[in-house]
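Got some structures for you, see below.
Next come two complexes, and both contain chain A; in the first it sits with chain B, in the second with chain C.
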Partner chain A sequence: MSAFLASGPNLGRGGGVAAWLAGLSPAGKAGVLAAEVVVMLLVWQVVVGVLGWINPVFLPPPTAIWQGFVQLVASGVLWPNLLISLQAWLIGFVIAAVIAIPLGLLMGTSLPVDRVVGPIAWTIYATPSIAYQPLAKAWFGFGIGPVVFLVAISALFPILLNVAAGMRTTNASIIRAGRVYGATRMQLYRSVYLPSTVPFLFAGLRQAVVLATIGMVVAELSGSAIGMGALIIKSVNTYQTGQAYAAIAIVMLWSVGMAQLVTLVERWVAPWTRKGRR
Partner chain B sequence: MTTTTEPRVPEASPSAPLISVRDLSVAYDVARTGKRLIAIEGVDLDVHEGEFVTVLGPSGCGKTTFMNVVAGLVKPSTGTVLVDGSPVTGPGPDRAVVFQDYALLPWRTVFDNVKFGLEMQKELRGDGWRDRVQEAIELVGLAGFESSYPRELSGGMQQRVGLARAFVAEPRILLMDEPLGAVDALTREVMRDEIDKLIQKTGKTVLFITHSIEEAILLGDRIVVFKSHPGAIKEVIETGLERPRSERSVQHDPRFLELRDHLWDALQGEATAAAVSK
Partner chain C sequence: MSVTSATGTMRIVRPRRVVRRDEAKWTWLLIGVVAAILLVWEAAVSWLHLVPEAFLPPPTAVAASFAQLMVDPAFWQAFAYSLTNVVIGLVLAIVVGVVVGLAVGWSAALRFTVAPFLWLLYSTPKVALAPLFILALGLGSASKIALVFLLAVFPIILNTMEGAVTVGGSLVNAGRVYGVNGLALGWKVIFPATLPYSLSGIQRGAALAFTGEVLGEFLGGTGGLGHMLEFAAYQFEMAEAIALVIVMVIIANLTLLLISTLRRRLAPWYDDRKIAGAS
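Let's turn to the complex of A and B:
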């Protein structure tokens, strides 16, 4: 889960807890995170389940959510909904990446393309994806189509804009070094611009994972008969909030898992970006 | 000053200069202010084969612009630069540059960074290049770090990679743009002496940009002093000190002290003028 732990500048001084956290091994960090989750679940269980401070219809305790999960699995409701959602997610994400990466490279290379595509891209990116949801239904009907569309349009722009920014911010000094040794335009592109864009690509992909999942659930929330979003709505409408939270947890795990997968692929493809100690 | 090392006295050399700069000016149009900025004006300089010329001046005096013109990275507005009798129209394999910020490729290991120049020059045919790269790495004292990434090295070590990359391309002329400007004081002294030895050993012709008076004296056969606004040559001084020189061996040498005082006065006037005109 290292991607979700702070790795930026540590502004706190000296030591104590901050220094101890900073010095932890990856396994140690995972342990801290696990402990945090366990403590949170325990408090939650005690507050809702034991003390009954909150109506469990609104916020069921963790044990009820687990029961909801077991019910979803046992009744066979989970798999068809999950499979259709993941299918839509994956198709939409691949479509986004296939369009965004080449277009981003083109935007980063050519100022005219950047000037034309850039403002449009930012405008669509700045619009909440939920606004497109009713239109998506009108365009693509009630099947998987609108979900794929919302996933794709949510994932497209973070990838596109990050790739373009990566190309544009390529270190001028390295470009000069390439020119000093007589690099051709193609050589510069392949040996300088593309590798220096790789970390930006992965940053974009990580953002895209999260936004794609939001797009997926938003698309399925209304007017869909199937999918994780539909399952959440149905469970809430029938007061089976344990099942609703179980469905939310599964979506959350998918999102976090895919973001982690992106990080793992980045470490493999771009080992130089690994944050190491000197 | 009874002995001098053999061919290092330019006037004694009857041959044509290796670098010949005549009435060189570079001016830019500054888009923001709409004004024309004169970076350097009326520069004349001859550098002979095997000569080590240091270029000394306050920041913003155009000394880096001057070097970039010789490197072929910047086009002159007026005047000519000849290298070995031919006008400079762009970068060429006869010149290599060592950059102040190292300009290493962060995604490449030390070995692959050193190989970069050869690769861009399409010199990777056959197998001989591997030995050349390895030799250059050993020459700069980085044996054992071939598979490290730049991020894992100290500033001084990164600049050694920069030096190896320049040396492996076997240029006749080395252009060094404040190569030690970004390393710490101790490393700076050690590396200055090493650069001196490397150059004496390999007999390269060097144009070495610096704003350090000591560096200019300790390394240069001649010191070209730049003035600012506009950037131009203020004076050219023969150092006339025996080699090998080290800070310790020359610090009581009257010639060294005289040069240092003279350059100090010259630069202080320049620095004050620069501060006032800003």
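Let's turn to the complex of A and C:
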């Protein structure tokens, strides 16, 4: 996430805009970015809303999106749909975590389990979860079921495979050191394997948040009567694209917010990790 | 491992992959477990009737459907339709993604101004835009190609950018010492050094491209594998639906395999784990 603030290859001799930007204080940088956001929004508003270069049905200007948001709130359709979506998302995500974390730890502990579950998990993980959506719809009906299923199956494998990878890549010399000091098997797990798996777990959770949101939207777009995806479809079909973009923005905020939450939890629970330290 | 060839120059020879006996043992175990699962599935459905067959057809029925699909011209037509859209969209995404990624990674000013927006767009669940694309571009191939492009391009841009940022300064300086400058520096040093990152972005992009195509077909139009799958599930032809899902699993995994093989051939010096690790 911090790639754009990294120093990067030393390419130019510096000077010009780059040097000016590099010399700014953190507050100054934030100010430049904020100004940029305002400029972008203004340009967008002018190009679509005033000059009309783009058909506002396809890309409504920011003010129309804001109006759409207000309409969604005022007509009362936002809350029920949002609550259903969040409920499905959370249930699916918890199911995924509850299955994936123990199974991942088991994969990391036992070689036979790793060699059997690993290839199967990779095969399913490599396939975009949208492929399973019609099956889920046929099996679980038209309610919240297929959404939960798709969220769970999207979130399960990144968590599982990351936890297993974390257990497998535990530094061998630390394990040996633990053994030398007479650690028992349980002590080794508690104070060597788990701490070194935690950063992988959180990396997996962050990936899972993004994939789970995609899974949720996909499941709701194709064949659900309620939820944010259904709301988006309904708004588009009635050409109220301002509302559709407002709904998309809310889903986006949820996705980014949950990813941030995972990072916050990581910082709190595991301050020794790379993300946690920052 | 390096050996001296006849001309006296050092040549890098990749060590041949050694298949040890205990590795073969695990493969057999895996095959055994998969076979056992299929057997239990078959037993539960067709012998013990624990699950209604219409709901979950036994593996033999799925295999029969699969065989039927393989000789069905309609299937191959749908296959060609889907694959063409994915390939067009993905190639566009690769070209745009690598160029934009290199440019943004290269210039500090661009990185500062544009990269935050790219990150924001990257983390947006852009699948939600699918209905708008269909509204704007119709039910034909155009909306699907555009969706494939939109979904695939951001992982490629961001991975390429990340790669360009992490190009070692000493590599660049060495290039400079040998008089490589400007565009040539980009082509000879930065592009190859970024390549493994771009490829890992393309790998993710390909999976999302697939999602875009199938979602586009779910939402509208009458061509392609996604539509075929949706239709089969809608008709409750579960054997055919599962066979189609298996086809998709095979396509997705073959694509992944192709790209990782490419990465190993084009950038054999690169350690996979550096990209795939916790970040």
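Keep this in mind: the second predicted complex is superposed on the first by the 236 of 278 C-alpha atoms of A that agree within 3 Å, B and C clash if a C-alpha of one lies under 4 Å from a C-alpha of the other, contacts with A are read in each partner's own complex, and residues count from 1 in each chain.
The criterion applied here is as follows: a residue touches a chain if its C-beta (ideal position, glycine included) is under 8 Å from a C-beta of that chain, and two chains touch if they have at least 3 such contacts.
Here the structure is a predicted model, which is why all the values come from computation and not from measurement.
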Greater residue coverage of chain A in the superposed arrangement, chain B or chain C: C
Chain B versus chain C as contact partner of A:Ala183, first or second or both or neither: first
Partner chain in contact with A:Ser154 - chain B first, chain C second, else both or neither: neither
Which superposed partner A:Ser173 touches (first chain B, second chain C, both, neither): first
First, second, both or neither for A:Thr241, with chain B first and chain C second: second
Chain B versus chain C as contact partner of A:Ser224, first or second or both or neither: neither
Partner chain in contact with A:Asn81 - chain B first, chain C second, else both or neither: neither
Overlapping contact positions on chain A, where the chain C interface meets the chain B interface: none
In the complex with chain B, residue positions of chain A that touch it: 171, 173-174, 176-183, 187, 191-192, 195-196, 198, 270-272, 276, 278
Touch list for chain B against partner chain A, complex: 71-73, 91-93, 95-97, 99, 101, 103-108, 116-121, 149, 151-152, 154, 165, 169
Residue ranges of chain C in contact with chain A within the complex: 26, 29-30, 33-34, 55, 105-109, 111-113, 115-117, 119-120, 123-125, 127-132, 134-136, 158, 161-162, 164-169, 172-173, 185, 190, 207-208, 210-211, 214-215, 218-219, 226, 229-230, 232-234, 236, 238, 241-242, 245, 248-249, 252-253, 256, 273, 276-279
Residue ranges of chain A in contact with chain C within the complex: 1, 3-6, 8-12, 16-18, 21-22, 29, 32-33, 36, 40, 55, 57-58, 111-112, 115-116, 119-120, 123-124, 126-128, 130-135, 137-139, 162, 165-166, 169, 199-200, 202-203, 210, 213-214, 217-218, 221-222, 228-229, 232-233, 236-237, 239, 241, 244, 247-248, 251-252, 255-256, 259, 273-274
